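You will see chain A twice below: alongside chain B first, and alongside chain C after that.
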Partner chain A sequence: MSRILTLAAITWIEMLRRKDLYVLLILLAALLGALLTMNVYGLAGVTGYVKDTGLLFVWLLGWILALNTSVRLLPDEEQKGTLFPLLAKPVSRGALIVGKWLGAWSVSGAALLCFYLTVGLGVLLKGGAFNLLILTQAILLHLAALAVLCSIGIALSTRMNRDAAAVTAYVVTGAAFVLMPRIPAMLTDTEGVAGTVLSVLYYGFPHFELFDLRRRLIHEWGCAPWLIVAEVLVYGALLTTGFLALAWLGYRKRQFTRGAAL
Partner chain B sequence: MTTPIEIEGLEVSFPARGGTVHALHSLTLRVPQGSVVGFLGPNGAGKTTTIHVLLGFQEPTRGTARIFGQPVGATIARERIGYLPENPDTYGFLTGRELLAMAGRLFGLAPAEIRRRSDQLLEETGLQDAVNRRIATYSRGMKQRICLAQALINDPDLLILDEPTGGLDPLGRLDIRRLIAARKAAGKTVFFSSHELSEVELVCDRVALLAGGHLLAEGPVHTLVPAGQSLERYFIDTVAPHTADRTSPS
Partner chain C sequence: MISPSPAFRVRLLAGTTFGAAFTLACGLAGVQPNAPDDLGVADRLLGGTRQAVSLNLFNTADLYFHKGVAHQHSKAFTGRLFQRLQAGITPEAHAHAEGQDSAEILPWLKLACRTDPHNVEAFLVAAFWADTGLHRGDIADGILREAQRLNPSDYRIPQEKGRYAIRRNRLDEATLDVSAALTLLLQSGASTDRQVLLDKAELLTCLGFLSEVRGDSPHALHCFKNTLAIFPERAYIKERVAVLEAGQKPDVSARSLLERLTRQSTDDACQDHDHEQGHEADHDRDGDTDHTTRSMP
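The block that comes next holds the complex of A and B.
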């Protein structure tokens, strides 16, 4: 376990010393600053649009950060050659994968908390507030979604280079975000092979919409039942474990030849 | 005591454009405990491939390799190894001390032991003054030395170095020679590949000559090299007839 934590700590130090996180945070703050100066319909007390736009950006930035971080960790180690001294130490490839995933997830998760805090402060400044219980549920589920995203990024990066993994991860997860909630409606009008394909997509792809409580949070529809929240968290844990297992299968017998004679 | 390195009938082939590349042909080699062995050969001889097999980065096509009696890649064997790759690079965003601490933790060392070993290695490698600077600001020679220090953090019984003096100035090479001599004096085993035959002659008690994936000679330097001849002359005479193209159609 200490080896996994050490590997995760490398990612933390790197992210804290790079500019990416700070740039994203400044972007979000600037966006909120602009939103706070606006008065929709001339009403100073309306906060729904601040919540809506702010949370949309929290999701977008969290998505970008989780995928960008996770897809580059292993390929960068290989490209720079730092992977070789690492694998020459008593670190199993499974520990390497879990350590890298933990690093990517915990950094993205910590950044996510900062993003929520920024939006929360923006809403407070506008005279509104989030329901804390719904906010807690939303953050928990969002963290679970990030865990799945990071595991997808890591799994893809074990089988392709960084750029290809990034593009594939954005396309697959973006499609899952947009398409999955629409498939049940599409299935009512689709039969035959197309219907089968849609069903396979529906049951085979991750359902990120289950982790998204933005509507509930913006319109204060009340808390989601905790049992449902727990079930979605378990679903997230299963997906994460599955993708990490795929990553391990792709990596455990991988041959590394950089610098070899041929 | 188990033998640090035992290689038996090792073969490595790669599928490549235009045929199969045979990197190693039935390599058999034994590195005795406490020896300093120079692994010599021209570019493309298969030295790095052999080292990669020993460290579990590559699977052999045939044959076996064992480290301290354990199959290569076994975690228990890697606990006793230190490794410096060719043209090493490391995490530029870490400081020298952070890198050594990270390496120590990966070996499962206690914090006090990491501190003690780090101080000792930083002194041996002459990096005490740069310890709190980020590695990205180090010169090439300093990077080589901090990478060597992290390879030694666990006080390894077997040190594997891949071209450790490549690109270093004479002072840097002298530092590496001193470190190798210190390992030998401590009864540790050092296995290193090199083109620098004068360096090898100075520090090695055994050499293994590889060309075209074939082991041409192996043994103590004084028994292999005829009296009055340099290792360089012996190397050229032995290796030159075996440097034909190794790519053959499959």
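The block that comes next holds the complex of A and C.
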């Protein structure tokens, strides 16, 4: 366990050294600044659009950060050659994958909390507020979504180079987010092979829409039932475990050659 | 006689073909519609993208009108595990923004207007919610003024101003607005579009009632007869024409009919909107209604 935590800590140090997080935070703050200056016919207390746009960007930035961080970790170690002393410690392949995933997830999760805090401050400045209980649920589910995203990034990076893994991860997760909730409606007028493919996608791909509580949060519909939230968290944990297992299967017997280009 | 060489023939053929193509291209360029002179830089750069973005923002306003609940589509299956979880996570109940909640719709409509200043519908809906949802007539007036400045030839804006003036019992102002709207509508040429015909009939009916209030029965009769020329089946107009032609006093006053004609409330908008969602084909099929509401798209 201590080895896994050490590997995660290395990811933290690397992320703090890099500028990604700061750039994304500045972007979010600039966007919120622009939104806060908008005058809605002189009406006070209109904050829905700030919440909506702010949370949309929290999701987008969280998605970018989680995938960019997770797909980079293993290929970078291989490219720099630092993988060899790491595996000689000895650290098992499984521990390496879990450690890297934990690092990517915890860094993205911490960044996510900063993003939510920034949006919360923006909404407060505009005279509104979030319902704290729904916000807690939203953050919990969002963290679970990031866990799944990081595990997908790690799993793909065990089979591809960094850029290919990043592109594939963006396409797959983006399509899953947009397409999955629409498949039941699309199937009403789709038959044959296309219908079968859509059904396979529906049950085979992750349902990220289940982790998205923005509508409840923005329009104050009240908390989601805790039992449902727990079920979605379990679903997230299962997906994460599954993708990490896939990553391990692809990595456990992989031969590395010093200086080999990926 | 010297016969031209094959190379010369090829050059001659190429030159002639180029000349013909050039002439044709010039001719085609001449019949291309010119871009309107009032297009701004953003219009020239973005073109149709502005309209698409504006429509998207307008649809977001609609989503806010329904408190974040999107329109439900029929599904191939229901009750599966993911759908059960989804139902718990995303609200699906039918609801409408009311009172101060309707203020949350306005930023999206304002952005829709900013993105495409010719999206008159966005201006009208924004004015409607400011007036009816928030009871801020001053904001509604400002929105309509801005809309008219940007779209001076669109009849729908003075028509909406006329409705507001009637509801506020400013009948002289209403007569000017309704007349201006009718003039603009007639200037835009003959149209077979159903909405334009409905609007024309509404304007004529309003003008008829306004004339009646002023005591100008001949002009009122003229307006009502023009309305009947568009929708001959409107029974209450027929009865009114008969009563006025007989020189009698109608049972229902013109003022109360005017109020009924231009009555708008958020409830009306909700009912009208839901009606449109569920029974688009049935809506106003027989043209015997001229009660107007400004609902979301």
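A few points about this structure:
Here is the rule we go by: the second predicted complex is superposed on the first by the 255 of 262 C-alpha atoms of A that agree within 3 Å, B and C clash if a C-alpha of one lies under 4 Å from a C-alpha of the other, contacts with A are read in each partner's own complex, and residues count from 1 in each chain.
Here is the rule we go by: a contact is a pair of C-beta atoms (placed from the backbone, for glycine too) under 8 Å apart; a residue touches a chain by one contact, two chains touch by 3 or more.
Source: prediction; values computed, not measured.
In the superposed model, A:L132 makes contact with neither chain B nor chain C. When the two structures are aligned on the shared chain, A:M1 is found in touch with neither chain B nor chain C.
In the superposed model, A:R18 lies in contact with chain B only, and not with chain C.
Of the two partner chains placed by the overlay, only chain B lies in contact with A:K89; chain C stays clear of it.
When both complexes are overlaid on chain A, the residue A:V193 reaches neither chain B nor chain C. Those residues of chain C that touch chain A in the complex are listed here as 60, 64, 67-69, 73-78, 80, 82-83, 85-86, 88-91, 100, 103-104, 106-108, 110-111, 130, 134, 136, 139, 142-143.
Interface residues of chain A, counted against chain B in their complex, comprise 2-3, 6-7, 9-10, 13-14, 17-18, 80-82, 84-92, 253, 255-257, 259-262.
The part of chain B that touches chain A in the complex is made up of residues 14, 16, 21, 23, 43-49, 52, 55-59, 75-76, 78-79, 81, 83-91, 93-94, 98, 102-103, 105-108, 134, 147, 150-151, 160, 162. Those residues of chain A that touch chain C in the shared complex are 38, 40-43, 45-46, 48-49, 52, 141, 180-181, 184-185, 187-188, 202, 207, 209-210, 212-213, 215-216, 218-219, 221, 224-225, 227-228, 231-232, 235.
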